[in-house]
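Scrolling down, you'll hit the structures one after another.
One chain, chain A, links the two complexes that follow: it is found with chain B in the first and with chain C in the second.
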Partner chain A sequence: MERFMELLFQPLKEFWESSVSFIPNLLATLVIIAGGVFLAWLARLVMTRVLRTVNFDRFCDSSGLTAVVRKAHLWSKPSEMTTRFIFWFLVIVFSMVGLSALRLATVDNLIAQFFLYLPRAFSAAVILSIGYVIAGFISRAVLIGAVNSGYHYAKILAEAVRLLLIVLILAMALEQLQIAPGIVLAAFSITFGGIVLALSIAFGVGGIDTAKRMIERRGEEDEQKEKGRDIEHL
Partner chain B sequence: MGVVVEKADILVGIASYNNASTIGHVVEAVDAGLAKYFPDKRAVLINSDGGSSDGTTDVVKSASLDLSAIFLKHPVHPAHRISMPYSGIPGKGSAFRAIFDRAVEMEAQACCVVDADLRSITPEWIELLLNPVLKEGFDFVAPLYSRHKFDGTITNSMIYPMTRALYGQRIRQPIGGEFGFSGTLAKFYLDQPVWESHVARFGIDIWMTTEAVANGFKVCQTFLGAKIHDPKDPGSSLADMMLQVVVTLFNLTEKHFDVWKGVAGSRDIPTFGFKYHVGLEPISVTVARMLDIFRTGASDLKPIWTDILGAGDFREVEGLAGLSEERFNFPNALWTRVVYDYAIAYHNKKMAADHLIKSLVPLYLGKTASFIIEAAEMDQRGAEEEIEKLCLEFEDKKSYLVNSWR
Partner chain C sequence: MSDFYQTGVVTTLHRLGRPSLEKLESELMAFSRHRPMALVLPALYSEFEADALKGIVGELKKVKYIKEIVLSLGRASDEEFKKAKDFMSVIPYDVKIIHNEGKRIREIYSTFDRHDLWVGEDGKGRSTWMSYGYIIAGGESRIIAIHDCDIVTYSRDMLARLVYPVVNPAIDVVFCKGYYSRVSDRMHGRVTRLLITPLIRALQKIVGSYDYLDFLDSFRYPLAGEFAMITDLAWISRIPWDWGLEVGMLAEVSRNYSPRRVCQVDIADNYEHKHQPISPDDAKKGLMRMCVDICKTLFRVLAAEGVVFSESLFNTLGVSYLRFAEDTMMKYEADAAINGLVYDRHVETKAVEAFTNAIKMAAKVFMENPLGTPLIPSWNRVSSAIPGILDMMKKAVDDDNR
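For the complex of A and B:
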């Protein structure tokens, strides 16, 4: 009977002991997470004031960053988005630190992987953000330049340039994240090459009339020159 | 630069770049002008060259004029000629900077600058540009020309109306190219930290005029007759020229807000020279291509224009794009709002300056086409009256610009 009771209570005792020894870890985790949330809230508050003081929203409006995020259907103010990002980033980081206080091997592995991956994720995010802005800038320059040259397919040309650049940027970001790099490289080469080939064929075939018009226009301009000088803009 | 510095009473500057075919005539006209009107003054002719490869500087050195053939005696102090390369960003502004530098070094009382590609310059131009400074005490002399009614469209549709509305002085050719100025003003120009900007290129003319007006220098204009010159460098596209001039105009608008915000209306400025009518060579204009670019802009630049002009004005612009050539008319009121909206967008840094100003080109071509259609049957006077109406519109709507400036 005594043996039976021992068999019955031993696991419960062990569970109780491990629970008792685990409770400080759990408490530490909860404290770290709660403290982290508080610190994240505090950081968000401070950053909100700092960004307001330096007119961050106006800077984003003037530099075109606001327009970029609007295109992604994000309608909050840039300062709000930034502080929200900081808040959640700190919450996640403190949650990871808190979880590591549990001293569980599986969780520890996961956390180690998370922290090792952070620099790559950060680099990818930077590549995507900067790349998106640059793609928008170049595409707008192409659009305005093409319109001023009297090119009728200016919008299509600008969108094509944008698409090419975005494909390039996405491939760079994925390569940075080390997500199936071989497949990404192959996919990028095929997509990028395909787009260039398609554009070349489209431009070649579709451009026959355009080239004809350009040659005709050149003839007209020569004729105009013979008639007299053009106006002076300045 | 290896040239002995002397003192001079008068300095005439010529900025050049591959102007071998025309600069000889300009140098001879300057020589004759100095000999005829300023024989007792110590004068120097500075050719500030941008690295010409066609022998421009050789032509400057070798150009000679038989003064007796135009009934002139040799002056007491024959004008020295200095041909020198300038440094800095290649452009007219950098060439002028070297001229200002020499004017200050030589302590010149009066200076003038003339373009190297002029075909219509006469000795009288030198008198007309320098005497207001020497005899009347003016600091800045702007040119006044007889121009074809379709020439100077950026000047007529934007630069003149806006400068006049902002600063209240009717300087008809603020970016004319030929100017007279005092030694004091040359020193003021030289001291400004602008020589790495668009001022170093085509922005120099509007910059010189505006700085003179905004800083309270005594300003006048002088009638020079017809301006006939070689076409501008074909490599300089309309969009680039416009960028350099308009960015400089908007930068100055930004800088001198406190000067112009309280100015209302405008007044004539003292004008020298004998005005006469000049027969001008005909111009061939094709508005179809201008309208084509305007219409492409209305369809493809819609998001940019809506952002700058607002939905209401964009709808009006879009409506214009649907009109036939015969019915096309860009109203002055709308054009004024367009220019002011662009100035405000530039002030608020709504987008990169380069993109902003270049996106104005199709709108400008639309307005130019409208003016050409409207003034087709008008004489010079009628066309000038139309420009006057536009100027009054700019003055009338100035409160919109002031109130939107924050």
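For the complex of A and C:
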């Protein structure tokens, strides 16, 4: 009977003991998260004031950044979006730190992965922003060059170049984020390779006659040169 | 049928004989291939509940030469905007509604604020200006036509006659204003008949001949809200956001183009729309507000032309205006008598008294602050201050209409 009672109460006792030892961890987690939310709110408030003082929205409007974010269907003020991002970023970071106070192996692994992933996310953001600017610049250069050369489809050509560059930049960013890198690489290679192949075939097939004419003309020119030399000898 | 006499410095296109609408529309169809047209309709949601707009939409359904309609909707909730969209969906070509109270357009307005670009208060001036922005951003239309949404006697003949002079390349006109008579059992259009014309004539007598005064005096109905213009004019124009819109727009046209390239066209035998009370004691509503705004704009434009206004000039102007207005009343009384129309001399005299007060009020405001409320900046300036604004504007409207 005593053995049975021990079997019955031992797990309950263990559960109670582990619960009692876990409660401080849980409390610490809650305190860290609550403190984090407060700090995030404070940071948001301070950043709102700072961005307003430095006329951040006006800068974004003038530099064309606002127009870019509007294209992504985002209709808040740039400063509001930035402070909202900062707020949620800090909330997530503090939540991760808070969860680490639980001292659970699974959660600890998850948190370690999260913090290791942050630099990758940062590099992807840098690639995207610099890439977007470069794509815009190259597309503009193509447009000006094509217009000056008298091409009728200059705008389409510039947009096509821009689209291809954006695809390339997106592939680079996704590769950096390690989101299905194999698939991204394969998809990019197939798409890019396909486009180049399509262009080669189109150019090759469409230009058979032109190429033939060019080769024939070259041949005729060589013959003329030969004849000219003969006359000189005479 | 009207006479064919040409008055003033701008060309007048009369309604002579029995012009064929079908012929006019087929020509417009041909011209529209090279010179696409947009129609701007400034409207409040309350106008969707009135009969006039139903008639206008019914007529616009039959028009085939217009490329796009841009309706600038004011004082409407999101729900009312959806209802307005459904209402306009019967028109078989591209119709875009600018939801001025919507989240996206409000953000566009706050973008203007951030750059100290004051685009005025809610009203017809700001609504039409926003529509110009959308049309410029789209880059598809070369001609813009505008008319109000409260025209009870609307027919598509009005629109065809309004746009024809600007669309027809042989006429070489950049701006065309509509004119018409407003008669029921009596004559309406008090502000034009009893304020604008006598005031212009009084000013001409006192300050002498000025290009703008001669230009304004050439129009048979300078306050008509119906006009058509080339899109380039929408780029460069700075217009008042208040009731001075029509007079201010004519000032911009006069400033930028030769009167030889401006015309007015008879668009309707009769024109009926909502009438406003005078409210002589309150300068902030009704016709009184309209008159004060118009006079202020007139004084500012003339000051910009070089007229030196002083208290004594305004005193003389008041007296001179009254004399011209009294003479005008006598003319209209005779006109009413021969046409069997009701003519209430007392009501007309009361209107002239109210208009005299409006001139005094406008003069006072002008003397206190000659620069006054700024005009809405031109799209040229706005797109220079905020490079992506036209794209943003187009995106906002297109997303709202999706």
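To be clear about the criterion, the second predicted complex is superposed on the first by the 171 of 234 C-alpha atoms of A that agree within 3 Å, B and C clash if a C-alpha of one lies under 4 Å from a C-alpha of the other, contacts with A are read in each partner's own complex, and residues count from 1 in each chain.
Quick note on the criterion: contacts are C-beta pairs under 8 Å (C-beta built on N, C-alpha and C of every residue); 3 or more make two chains touch, one makes a residue touch a chain.
Everything quoted here is computed from the prediction, not taken from an experiment.
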Just chain B (first), just chain C (second), both, or neither: which does A:Ser18 touch? neither
Where does A:Asp57 make contact in the superposed view: on chain B (first), on chain C (second), on both, or on neither? second
Which partner chains sit in contact with A:Asn109 here, chain B, chain C, both or neither? Use first/second/both/neither. neither
Under the stated touch criterion, which partner chain does A:Thr66 make contact with: chain B (first), chain C (second), both, or neither? second
Mind working out whether A:Lys77 is in touch with chain B, chain C, both or neither, as first, second, both or neither? second
One more residue to check, A:Ile144. First (chain B), second (chain C), both or neither? first
Is the number of chain A residues in contact higher for chain B or for chain C? B
In the superposed arrangement, does A:Ala154 touch chain B (first), chain C (second), both or neither? first
Just chain B (first), just chain C (second), both, or neither: which does A:Gln178 touch? neither
Need the overlap of the two footprints on chain A, from chain B and from chain C, as residue ranges. 61-62, 64, 67
Of chain A, residues touching chain B in the complex: 61-64, 67, 137, 140-141, 143-148, 150-152, 154-155, 158, 220, 224, 227-234
Can you name the residues of chain B that touch chain A in the complex? 148, 150-155, 175, 202, 231-232, 238-239, 241-242, 245, 281-286, 289, 292-293, 296-297, 299-301, 304, 307, 348-352, 354-355, 358-359, 361-362, 368, 372
Please output the residues of chain A touching chain C within their complex, sorted ascending. 55, 57-58, 61-62, 64, 66-68, 70-71, 73, 75-77
With touch defined as at the start, can you tell me which chain C residues reach chain A in the complex? 103-104, 107, 110-111, 114-115, 385-389, 391-392, 395-396, 399
